[in-house]
Amino acid sequence: QEIAKFIETEQQKAKLQQAIHNFTSICWPKCITKVNDKLGKDEEQCLANCVERYLDCNFQIIKSLEAAKK
Amino acid sequence: QVKQELAVAQAGELINKINDNCFDLCIPKPGSTFDKSDKACVSKCMERYMDAWNVVSKTYIARMKREQEALR
Amino acid sequence: QEIAKFIETEQQKAKLQQAIHNFTSICWPKCITKVNDKLGKDEEQCLANCVERYLDCNFQIIKSLEAAKK
Amino acid sequence: QVKQELAVAQAGELINKINDNCFDLCIPKPGSTFDKSDKACVSKCMERYMDAWNVVSKTYIARMKREQEALR
Amino acid sequence: QVKQELAVAQAGELINKINDNCFDLCIPKPGSTFDKSDKACVSKCMERYMDAWNVVSKTYIARMKREQEALR
Amino acid sequence: QEIAKFIETEQQKAKLQQAIHNFTSICWPKCITKVNDKLGKDEEQCLANCVERYLDCNFQIIKSLEAAKK
């Protein structure tokens, strides 16, 4: 039981980390075109915007597909 | 339940593919808002993607039938 | 037995759908460069050509590899 | 051991992603040597990738919380 | 049978990789026919891909040996 | 026992082949921009350099992450 719960928590963590890996892969080439000494404010903003807009897109698609099913 | 899981898996794949392709096309440079025109683009893009899916499906299935008949 | 057959049919359907997902992913960026109100005749033709030519390519490669094995 | 395996799997994913992205950025045209400037670029790129990972993580988790609260 | 399945899996991977890379190179804009010149290009491209596979294989294996010896 | 060893060896071979497939996929588009009658000396050198530099990159990243853990 303890072990089952532990494994479940670990799997959720792994899933979350996988999602973050995917977003970083998608947004990195859109926002980082050269390697600087620090992450610039604009690069940081671009990454945050990229995640937010991708999720906006995602939520809209899911809602439309669900509406279409009915 | 198997059926449902498969259906969910397929829908998940469709959502991911639409998302990846329409995000690139509609939001090439992600800005600070998701405005009406972005929303309209995603909505149209989604319909076009499903149109494209249908064309691909029809073409692929027709070809496979042709190839199978050629083997007889 | 009933269940086994049901699962097999579902798996074949899933495989077919996966193939169509893959082709759509490959051909979409080659044929659709902007989002229009309808799928244009030229876009439709491009998608169909893309699938056909990809499969031509595929069949040629498989035949060559099989011929090379002998 | 499960934990360790998961940790190893995660590190493997991180290494692959850093490698793919930083190889493209630092060594667009692979030459016959891996010189000091390549090494310095990879080192900086790695740090930037982890910074980016943290920004993405923070943004994603904050958004998910907001969405969950909106559902209540 | 295990061996055969593994061999089939490997051939499948090779076919997919050749197909993806040679399709992009030989048929950048898919037309309504698959003509002689397309066919010739795919045929040559396939041979070049296998040449490239061999160069990569030789280089990778040699490097791994060098690294292993350095660890001793 | 025999079978277990056989399977293990085959799996190692499959892993090695997978690695070579991945490297060929990564390096091919960087080095081969048109299809020639033979693999040119420069293309061959480019492929070898690409594998070596990718591995240099890989080893550096692994070492840095390990150093950071301590």
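We just call them A, B, C, D, E and F in the order they show up, numbering each chain from 1.
Just so it is clear, contacts are C-beta pairs under 8 Å (C-beta built on N, C-alpha and C of every residue); 3 or more make two chains touch, one makes a residue touch a chain.
Since this is a predicted model, take the numbers as computed values, not measurements.
Participant: Go through the assembly and pull out the chains touching chain A as well as chain E.
Facilitator: Under the touch definition, chain A and chain E have no mutual neighbours whatsoever.
Participant: From chain C, how many touching-chain steps at minimum until you land on chain D?
Facilitator: 3
Participant: Is the number of contacting C-beta pairs greater for D-F or for A-D?
Facilitator: It is A-D, judged by the count of C-beta pairs in contact.
Participant: Name the pair in B-C, A-D or A-B that forms the same interface as D-F; by residue number, over half of the contact pairs must coincide.
Facilitator: Answer for D-F: the repeating interface is A-B.
Participant: Fit chain D to chain E on CA atoms, both being copies of the same sequence, and give the resulting rotation angle in degrees, nearest 5.
Facilitator: When the C-alpha atoms are superposed, chain D turns by 120 degrees onto chain E.
Participant: List the centre-to-centre spacing of chain C and chain F in whole Å, with centres computed as mean CA coordinates.
Facilitator: 28
Participant: Where the centres are mean C-alpha positions, what is the separation of chain E from chain F, in Å?
Facilitator: 12
Participant: Pull out every residue in chain C that's touching 2 or more other chains.
Facilitator: 27, 52
Participant: By residue number and range, which residues of chain D touch two or more other chains?
Facilitator: 14, 20, 22, 26
Participant: What kind of graph do the touching chains make: line, ring, star, complete, other?
Facilitator: Topology of touching chains reads as a ring, each chain with two neighbours.
Participant: How would you write out the ring, from chain E onward through chain F?
Facilitator: Order around the closed ring, chain E first, chain F second: E, F, D, A, B, C.
Participant: Using the touch definition up top, name the residues of chain E that touch chain F in the complex.
Facilitator: 2-3, 6, 9-10, 13-14, 17, 20-22, 24-26, 41, 44-45, 48-49, 51-53, 55-57, 59-61, 63, 67
Participant: Which residues of chain F touch chain E once you look at their complex with the stated criterion?
Facilitator: 6-7, 10, 13-14, 16-21, 23-25, 27-29, 31-32, 34-39, 43-44, 47-48, 51-52, 55, 59
Participant: Quick one: which bits of chain F touch chain D in the complex? Just the residue numbers, please.
Facilitator: Against chain D, chain F makes touches at 26-27, 30, 45-46, 49-50, 52-54, 56-58, 60-62, 64-65.
Participant: Taking the complex as given, what residues does chain D use to touch chain F?
Facilitator: Per the touch definition, chain D meets chain F at residues 11, 14-15, 18-20, 22-23, 26-32, 34, 38-39, 42-43, 46.
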